[in-house]
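The block underneath contains the structure these notes are about, expressed in structure tokens.
Chains: A, B, C, D, E, F, G and H, in written order; residue numbering restarts at 1 for each.
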Amino acid sequence: MTPSDLLAILSDVERGTMSPADAAARLATLPFEDLGHARVDHHRSLRTGLPEVIYAAGKTTEQTAAIFSSMVADGVDVLATRVDAPTAEVLMRAHPEAVHNSMGRTVSFRQTAVSGNGGGHIAVVCAGTSDLPVAEEAAVTAETFGARVTRLYDVGVAGLHRLLAVRSDLLTANAVIVCAGMEGALPSVVGGLVGVPVIAVPTSVGYGASFGGATALLGMLNSCSPNVTVVNIDNGFGAAYTAVLIARAAQSQKD
Amino acid sequence: MTPSDLLAILSDVERGTMSPADAAARLATLPFEDLGHARVDHHRSLRTGLPEVIYAAGKTTEQTAAIFSSMVADGVDVLATRVDAPTAEVLMRAHPEAVHNSMGRTVSFRQTAVSGNGGGHIAVVCAGTSDLPVAEEAAVTAETFGARVTRLYDVGVAGLHRLLAVRSDLLTANAVIVCAGMEGALPSVVGGLVGVPVIAVPTSVGYGASFGGATALLGMLNSCSPNVTVVNIDNGFGAAYTAVLIARAAQSQKD
Amino acid sequence: MTPSDLLAILSDVERGTMSPADAAARLATLPFEDLGHARVDHHRSLRTGLPEVIYAAGKTTEQTAAIFSSMVADGVDVLATRVDAPTAEVLMRAHPEAVHNSMGRTVSFRQTAVSGNGGGHIAVVCAGTSDLPVAEEAAVTAETFGARVTRLYDVGVAGLHRLLAVRSDLLTANAVIVCAGMEGALPSVVGGLVGVPVIAVPTSVGYGASFGGATALLGMLNSCSPNVTVVNIDNGFGAAYTAVLIARAAQSQKD
Amino acid sequence: MTPSDLLAILSDVERGTMSPADAAARLATLPFEDLGHARVDHHRSLRTGLPEVIYAAGKTTEQTAAIFSSMVADGVDVLATRVDAPTAEVLMRAHPEAVHNSMGRTVSFRQTAVSGNGGGHIAVVCAGTSDLPVAEEAAVTAETFGARVTRLYDVGVAGLHRLLAVRSDLLTANAVIVCAGMEGALPSVVGGLVGVPVIAVPTSVGYGASFGGATALLGMLNSCSPNVTVVNIDNGFGAAYTAVLIARAAQSQKD
Amino acid sequence: MTPSDLLAILSDVERGTMSPADAAARLATLPFEDLGHARVDHHRSLRTGLPEVIYAAGKTTEQTAAIFSSMVADGVDVLATRVDAPTAEVLMRAHPEAVHNSMGRTVSFRQTAVSGNGGGHIAVVCAGTSDLPVAEEAAVTAETFGARVTRLYDVGVAGLHRLLAVRSDLLTANAVIVCAGMEGALPSVVGGLVGVPVIAVPTSVGYGASFGGATALLGMLNSCSPNVTVVNIDNGFGAAYTAVLIARAAQSQKD
Amino acid sequence: MTPSDLLAILSDVERGTMSPADAAARLATLPFEDLGHARVDHHRSLRTGLPEVIYAAGKTTEQTAAIFSSMVADGVDVLATRVDAPTAEVLMRAHPEAVHNSMGRTVSFRQTAVSGNGGGHIAVVCAGTSDLPVAEEAAVTAETFGARVTRLYDVGVAGLHRLLAVRSDLLTANAVIVCAGMEGALPSVVGGLVGVPVIAVPTSVGYGASFGGATALLGMLNSCSPNVTVVNIDNGFGAAYTAVLIARAAQSQKD
Amino acid sequence: MTPSDLLAILSDVERGTMSPADAAARLATLPFEDLGHARVDHHRSLRTGLPEVIYAAGKTTEQTAAIFSSMVADGVDVLATRVDAPTAEVLMRAHPEAVHNSMGRTVSFRQTAVSGNGGGHIAVVCAGTSDLPVAEEAAVTAETFGARVTRLYDVGVAGLHRLLAVRSDLLTANAVIVCAGMEGALPSVVGGLVGVPVIAVPTSVGYGASFGGATALLGMLNSCSPNVTVVNIDNGFGAAYTAVLIARAAQSQKD
Amino acid sequence: MTPSDLLAILSDVERGTMSPADAAARLATLPFEDLGHARVDHHRSLRTGLPEVIYAAGKTTEQTAAIFSSMVADGVDVLATRVDAPTAEVLMRAHPEAVHNSMGRTVSFRQTAVSGNGGGHIAVVCAGTSDLPVAEEAAVTAETFGARVTRLYDVGVAGLHRLLAVRSDLLTANAVIVCAGMEGALPSVVGGLVGVPVIAVPTSVGYGASFGGATALLGMLNSCSPNVTVVNIDNGFGAAYTAVLIARAAQSQKD
């Protein structure tokens, strides 16, 4: 049922060609969810202004390319994540003005103007080069969603001085994303240094008893810093999504 | 929004005191879910006619007794599961005509007439005396919901002759519930003997590598009999609920 | 021992050439299981009328093709599941009138007439495109077994409006199959909307802490909807098999 | 080393009684962390203004009481979590003006003035009565930290209408905490309804394959709603801590 | 169907009051398994001559005592395992001539004569005092079943000299039972020293990462000695049952 | 130290050229283990007469071929397990009289005469074609070690009649090896039918919640038949090794 | 065989009353392990000089007291670990000069003189009060074994300043023991600060996804600091044992 | 801030161009961690003299080669671990005087003189050829770090004589590294034979229930020998790193 369908019913009632009781019966069984669908989506996109996102893993190159082009044609900002190299090549050939981050496996296309610093400031922290794909997925997502991102890489807990050296950067962020594999200790340490929410992303980096990231995940869930929350293994996108929601609100606070 | 609220709006439209556009705006934002709520519940209870059920575990004796008495006062059939001994005593003192199954930890109170054999025929199978609490929870639930139940206990796979001896009972059931702990092999064997759905209930019976029923659960999920589906460990109630839905339909077929 | 062997013994008794005691001794040790085998199989196939099924995974192309052709020659309906592309090509070349569903990895060959709507109505629900192979395996299996199937895809719990929009389709099904990966929440939500058994199929879709479908599996086993039972990860065939048994009975009820 | 120690060294250099090289040597080995310690703590408490918190589990009643009274004497707001009944009785006897929430196992003592609505609005959602201890721990923590809390209990996914009925409350919150056991599906559904961060708290409610909350935890980590982050099982305090940080920023935005 | 039922049918055929075809039809559907039951049980008991066994865990004292006394009255050898102290006291009071092994939690009653050394020789090995309950359950079971048992306790792998000192005892056994907790390394070492089957019993002894015996179980399953097979955690009875079967055959060889 | 070294020392003592004290000192520190090594190995091979075995997995083709040829040159029986196709081809080219079992991945070379039926009779049972590689590894190992093997394949628990039909073969075996994947229920059923030890081999056959054979392994460890012991997943060789030890003893008993 | 037995044989050879061949035969089969036993034990105790240790868990009070008193009578140093309160009371009553550490659950009795600082310097680090029982078990063990112990408690990773403040103590230790529960991150951070071996002890402190210390254990095994090795959950004794071996050697280096 | 920066500030104070208060303010906020960093690193390298290490797994050949060459140019000793064959070829071509251990997957380049036997003596023990890659990684690491290494391979627990034959080598080592897969029993046995720390390295060798080394890991953590500590699966490098620290101290003791 479209809004015009609803208006048609109500006009029938107004004209007297449909009784209120009949109209009530029809409205009680109408597929109101379609109305709800449109409204909810509209409200959400109005409120968050977040771009459309395509999760390319498990889609063929053709499917991803078709969806990407269709969204670009709609004039909205577009972000594709988990894009493998061949698919990225196809997307970039079709949309040369898009941006491909091969480390983060993203292709993004910003079509709307970025307005000031409304997106806030997010720090993305990780310990080693192996965590970079996840960290970059988070960083690019946050940037595409309008946040300013400070990358603080190679600051593992076994060399505290490197982490302490970047503390001032950490202290100005509205939200901090920490990607770590192996023992996953970094979010606890970072959480103790800052006063904002820390989104911890376990990475599948490691071997043996790292169990594909499960150890890092468990460690982060047991963090002794109370400002740490956790997302799924390697889920840089999800961490950035929540961080963006937080950073916007926090940044607006200071405007 | 109640139906009368809806009618009031529509009457306003009919009378011309509210424009169709204004009414559309109000209806687009009404809490239609309340309407949906009433209808769904009504439809379900009309269709299934199943009694109200109280899961007593995690409730205080006072809470369980209050809910039980309130439902009895409504005139509906009532079933309380996972009722410990002290709570059962309280319920039975308040409602002497209720039925307490101490093995199955249930207290049931049937207030409506049971109509013929409409509930179908369910066989409840288990291997050993330790599985009896789960098997009885399933059996009493099925009976309270109107099914005829045949109990086939002590028929483990290590003594096939006992199982084969009751095959004729199995073959007349509309659905079979199989409760088993340890290796959980019984549902596969039963599934190979019958042509109806088998609902497998792993029980927490066993020690060591039975891991509280997890081994039986995993075994049942890997059953080589395609007519086996599985519920949670010790979930006799859930198995009976689905078996009742199946047996009703199947029994009606033969009426 | 064939039935004629049995008759021969009994005729000997009738003729007086074998005493009842000798016959009893022979019958007590006869390989009665062969009798039982034939009878059980016969009974089952008579009662269910289900096609022969070949599980192609773990078989060579040659093995699968030989079995398939042999069954086709018997004139029965045949369904092969988990058929990889090269094997499907071989099967289709040999039996051009067969049907290949590449998404569901099935090749089916219906040789008997489908009689009316006796197979009932099954809804197959899934959340995302990655669940499609499992959902299609279930759908094709159900169709090959004679059920009418409504496919309700792309209705995940994070966008309730899409699910609510198809509620009417759900409400007319005799059984519902729900395939879901990741958190496996969809069966609980669907279970709350319908009054028929819901067969939940966890899929191996996801990454990280989805642990190859184990998370979805565990979630479904803990469903708060009592009409949900569960099968193995990715077991679309098994879900359809049980759903068909349920839907037939339920449909017959209405005939 | 205190600031005056540092000044003393520098004065020695200024006076020429210590060479720059000697001072450099001393400063290179000074316990600068003590300086850092004081500063960091100071900064954090200035920035967040959060009360002191005592985790009473694993502490004796005497230890908890001593720490609590000491903090009260400092004039700051105090919150004790995981307080068992005997300890709560001791605390309440010593501080009759404190507030004991027996369901949430907290004792809180607010000594500073609450300033307007600066703490923002947090919705705490849960599915069943068994989740209440965790939900109340979260709610009381958030309230003690200055947030306005809306409790939305008994809104499980198997009865969507109840959840949809409270959607307007959800839509006005700055952050949503969702506590759920069993399959842990509620955060995904809530996440799809709102545009703010959702903090998911798995609870140890359930039996069998709920594995003490692990199933709910895994389900939440695999949520298909990108605005969901997760904390440890039963960690209502941690969820509230992060929610408070988010809600403050968001609320300030609107001031 | 009893044997006399079968004879009745056959007599009817002999008398001509039942046609062979009718008899064939009846026999094809008779519960022949009852016949099979009797025969199989008879064969097994004739072949093995093993005593009746009562697994007392999960039975009430009254149930265990009733079964025990009933078996004693039948004149057969009786063994009750997992007997707690109160139950043992009841059994011993009723049957003063029975033997109670409090360490192994068994009560045994041998009523038949032990014939020579036909039961063979079994060595029961364990590492520490904590493994004694399981080792004694195995030893008493083997003795009650007629085997000669050599107990070799306190011979852990961290002190090889103790194990090597008893090698001659090991070398004369027909089968060796090795009970070990913690890392479960003992069966591999023993397996390398002997040329007979080693039955490994993981015990639930240990703490932390022993996970209730799971670590010992896994270690034993990965034994590098090919003559090691494994039973469930703490299953001294099962190990002895198989060891007895082996030792009898081996011992007979030498007679 | 060789025996001649020992004799040399003792001769020195006899001749008086070495004092008993000096000899004691030397003997107390001699590498007696080398003596022990030789003796133990000698004793074992004399007692068991088992062929030499090469575990080819993890060895290069060259390594396996070199060891194989060296053993063949020694004139002993040789068995290589887990031999991949290329390695098998090399072995067979070098030793055309060897036997390659491609299903069981073995190459065996029997050089000694097989003496009568001294090896006993072993039944190898499995449920499906996917279990064949493991079953054949067991069967070939047992045959190479001198046992007579009866293969009973395709007798799964979902079709009991097939298993019951081969019961007579099972009843004459001295030991039974049962290979099963998925739910691993077959050993329990077989264990209930026979009176000899059953060696259960879980196979990695299955998908989803079979977890690479772990489910079958756990099921077998929880078998309700007390004559079942278990080896590692896919360890057909180990099962045969123990079965051979049992069958020899049992067979000798009947000679 | 005792040394005197060996000498007797050799004397017989010297006297000519036993031929070298006979002596060789006897020596080849003598229980030489007993010799080895004595020698090994002697060597070890001479080299390490470590006290005798009684693991009291799983022993009765009577058993522990008897062993303790027997060792005290031998004049050696004695340490009993995992001593519960009632047992400690009995031990202290019998040996008032012993030392009871109720937090660490130890009773120790030093009877030999402590010689200088030969035992080296060990730092025992932990994060919270809940880790104290394990940390104290380690500290008391190390002290009883002759090491100087510096206790550095309450220095968790969420408050780095506290850890950095004690760095100088860490830098002078010969070995560091780090006890931590929850996420187990502390050893990695400490490992990065020091240049000596760090023995990590996971503690069972925590709740929910700490899984009884498994999460801390896994985290420590994945430490990014290469000087970290790990012992079992709560195994303070084992950590101290190895730390003592390290510290002695290291300390001696500086003497 | 470099030391010269610090001196510049202090010189300004000395010259009177900066007040002590201003200098204090600058020093209180200076990135002192950089100072700390330099000092800690300096101290550690001075104390340990350990080479630089490159973990090549997860780095491209180009990255590894660039880092390697840069370190070589610095004149320090360099060790690259987990080097695959193509990368090793590139490194060796660029630095022909480097040493490639293909079994241990290392490339090492020693540029500094090795001074006497200061590195101590380390024994590296393993059971089978499959453990060799891990054992060699440990051995080469230890050698590159200056230790003398004795390799004791092929000494599994199923053939104790082989292990006992090398006991004298074990007894002279300052630290022992034991690599073992499957059941991981070897460290316990070795630990019982020696009086020095044993570093246990579980290897991912095995199949089925070895679960990629997890079983060996768990076994080692539960070792009954108190001188055993454990590192991650396949972490030969980490074991050698700690063993080197131990062996140096121990060896110096004897100088």
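Going forward, a residue touches a chain if its C-beta (ideal position, glycine included) is under 8 Å from a C-beta of that chain, and two chains touch if they have at least 3 such contacts.
No experiment lies behind these values; they were computed from the predicted model shown.
Touch-path distance (fewest steps) from subunit C to subunit F is 1.
Common neighbours of subunit B and subunit F (chains touching each): C, E. At the interface between subunit G and subunit H, two copies of one sequence, more than half of the residue numbers in use appear on both sides, so the contact is built from largely the same positions.
Think of it this way: of F-H, A-G or B-F, only one pair shares over half of the C-F contact pairs by residue number, and it is F-H. Comparing the centres of all chains, each the average of its CA atoms, the largest separation from subunit D belongs to F. Centroids built from CA atoms put subunit F at 24 Å from subunit E.
Distance from the subunit E centre to the subunit G centre is 40 Å, each centre being the mean of its Cα atoms.
Among all residues of subunit G, those that touch two or more other chains are 36, 40, 159-160, 164, 193, 208-210, 214, 217, 221-222, 232.
All chain pairs that count as touching, in label order, are A-B, A-C, A-D, A-G, A-H, B-C, B-D, B-E, B-F, C-D, C-E, C-F, D-G, D-H, E-F, E-G, E-H, F-G, F-H, G-H. By the touch rule above, subunit H contacts subunit E in their complex via residues 127-128, 156-160, 164, 181-185, 188-189, 191-193, 206, 208-211, 214-216, 218-225. Across the complex, subunit F is touched by residues 129-130, 159-165, 167-168, 205, 207-210 of subunit H. Taken in their complex, subunit B has these residues touching subunit C: 36, 40, 43-44, 47-48, 53, 171, 174, 193, 195-197, 199, 217, 221-222, 226-232, 237-239, 241-242, 245-246, 249-250, 252-253.
Subunit B contributes residues 3, 6-7, 10-11, 13-14, 16, 19-21, 23-24, 27-29, 32, 35-36, 39 to its touches with subunit A in the complex. Looking at the complex, you find that subunit F touches subunit H at residues 31, 33-34, 36-37, 40, 57-59, 63, 202, 204, 212-214, 217, 232-235.
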